[in-house]
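Every chain is named by a letter (A, B and C) in the order it is written, and numbering of its residues begins at 1.
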């Protein structure tokens, strides 16, 4: 692809020939002379001297260094530019979904499909479901009774959308995701568990992305809510009646227990867990593998992870952890004794 | 729905008019004048004064307060009553599965379907499988060779039941669950892993509920066993030859490693992990995100979680954790020195 | 099955009659007189005296004890022998997949199926996909556009292989696994997340096994790579551009974040997490539920887990953990004061 076409589409100041062609996007260290690359993090600036990339996307601050070595595109935010470049690239190299309903799909007569909808082979769309204009329903998806899928939303192969659940526009849902399974609710009774039927649904806003095999349970009485712009990675568990605020993002394997409310613009590291009935303020950031056991009313960065060590050293320290309260008592006693002595 | 009908079905003492109608179940704080609500936890008693619910389900102890504000249903266990109300509600508002085999399902000629079985579109039922009376097999389910599904059991869309596996009666299995994949067993040999074929199956009792994308592996030689009444949330891993005792319950993301035996009436918090070859007594309760590394022979509540803190404070404390054994030595030395001084 | 046939196939020295028949493989303690069992771990040697097994697979060191009690097969590595026995057994008791394409499968005309390929009911094989000789594609699998499946590879029911992804020969992939969903990549922009299209794929070597509901994401620019002989258990998350070295193995619920490179012959315990952009040397072993937050350049065994305790004791110790840095300061002050006194 020509650099000239790229800049015509995505903007930026091109230093070098618009006729130069590139055939791949690559990182600075992996790039060869057919590649375009980018410098987003100033700490990799030295790689500008060593990369073989034909063209590098850079910030104005390194414009001169970049120009000295070859073609460059100068833009205020190279990482954002790179993101848009990947989108442009994907549109060019990937075939668009054909706007047809595969004859092997099972679409109920009462389902309503908008203009330009694509339904893959062996997908099932149940009674009363509504699929918005231009949406793509992958092979083997199940869109439950009365569910609604927003315009331009794409379900990869094998996604389950439960009955009555609602997805906004331009969402992306990856394979194996389950939206709208029952929340986990039981009343204990004489040593058994009496099921609490989950009468709510799941409501997902616009521009939400949901990873492979992630589960978002339906609410017990009211809905589980994922606000617009939220990004969830793979294998995440969102329990009933959770609410996740706009533009928050969670890495893989996270668990959020029932009725917890998470603010806007939060991030949650992989495998972190947030117990139920908490509130997290906007712009709270949780580290990987951390367990959140209380509400967090202030923006900030929170962590709780046992530090890694060699197994032998861990064994010694972990044994002491189990006696920590006693250790503190001993220290206190010693402080007292010493003070008396003085 | 009429309060009179509700009490006729579910019991309890109705204070107020049987002709009052309700159109929704809601929590005390979310209820409006068309709602029925419940007070299960005495600590929310103050909400009785502020709720707009048309009717409140209460325990005898608060009968007078409840009656003073409007209609009420008095019952010894309001939470249990609420659970049964949700069940009654779901039966009324949700269409029952039609007892037909969808023409798009692939049912082997040698499979045996009981009376009133419903098989959804594109489900696959393999040779020799037996499906009990009134069971519901959702769209896209796969019931493997010689598997047996008990009467009244419901598989949501896209459940996999492996060959030879057995499910009891009245089970509920949610989308994406995989029952009977191979257990993870290999013999190391010259730096490679030699597969141990998993020759057992999975045996699940009556009234078990299994969450979305949860995996229960088949046993290596004998079966993996889930006893009756067990409730498993989403994204749980149950390894080969585990046994989970009656009426135990596990929250999402839990992992139980191979051959571990868990007692009856246990609860395991979300994302907790239990290593292999352990035994947990009846009525053991494990906290969220805790790692169980030894057998627990006594009922009780067990925990092991690094406490949450701001990242800055965590960093300081975590650094000290890594020197804890040395810290203890220093304290011991100081104690010795001080004792000598005295 | 006759012991003589078994030894003819798998080798080893048979002590006892080749005509003795067995009908099951069982552990020493579960075996009855129709069973064959094995003694791999010397610590269970006492069970040789009590087992009712008809035949026991043993190492030369216990040949005499074994012979004294009945039939035995003597072999240098009984556990390896047991593994191969399970394979032999499975081949005999499980029907081989029939090399046919089920008429209910949807196979694109441009897909290429090798000789002896089996495609289950309702599987979808998209345009340009290539399936190697003797491969088994289970019911409800989706093999994406231009994906390649190696010879002899077996996909269980309901596996998703994304477009352009490559699997080697003799792989086994269990139900619900998702190979080639998008990696989790976004550029922050004005409080929103701009998607970075994932332009790489997934490349999996020969003899890899992938557990149920495990996810391996496609790379951002280059491929995510799983080298030959790797074994992954269920519900594992492998993020974009991870590389896992030959013959490494990971237990269930593990998460590996983006661009991390793991060496050969490593093992990772269940629910462990490895953050992104790290390097782990060959033969690194990570304990269950440990979080790896730095590169590990030396082979060895690493751990970081909060030790389990009763909840009451944990509460006391955890409170002290949160004041550990201060505790250290107090100790230091006391040491100073005491030294001065002396």
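We adopt the following convention: a contact is a pair of C-beta atoms (placed from the backbone, for glycine too) under 8 Å apart; a residue touches a chain by one contact, two chains touch by 3 or more.
The UniProt protein names, listed by chain, are A, B, C = UDP-3-O-acylglucosamine N-acyltransferase.
This structure is a prediction, so every number in the text was calculated from the model and none was measured.
Taken as a contact graph, the chains are fully connected, with every chain touching every other chain. Interface of subunit A with subunit C: the two copies contact each other largely through different residue positions, with under half of all numbers used appearing on both sides.
For this pair, subunit A with subunit C, the centres built from the Cα atoms lie 25 Å apart.
The set of subunit C residues touching two or more other chains comprises 122, 140, 158, 176, 213, 235, 253, 271, 305-307, 309, 319, 321, 323-324, 327, 331, 334, 338, 341.
Here subunit C touches subunit A in the complex through residues 106, 122, 124, 140, 142, 144-145, 158, 160, 162-163, 176, 178, 181-182, 184-187, 189, 191-199, 213, 215, 217, 220-222, 235, 237, 239, 253, 255, 257, 271, 273, 275, 287, 290-294, 300-307, 309, 313, 316-317, 319-321, 323-324, 327, 330-331, 334, 337-338, 341, going by the rule given at the top. On the subunit A side of its complex with subunit C, the touching residues are 24-27, 30, 77, 79-80, 82-84, 86-87, 89-90, 93-95, 102, 104, 120-122, 138-140, 156-158, 172, 174-176, 207, 209, 211-213, 229, 231, 233-235, 247, 249, 251-253, 265, 269-271, 288-289, 305-312, 314-315, 318-319, 321-325, 327-328, 331, 334-335, 338, 341-342.
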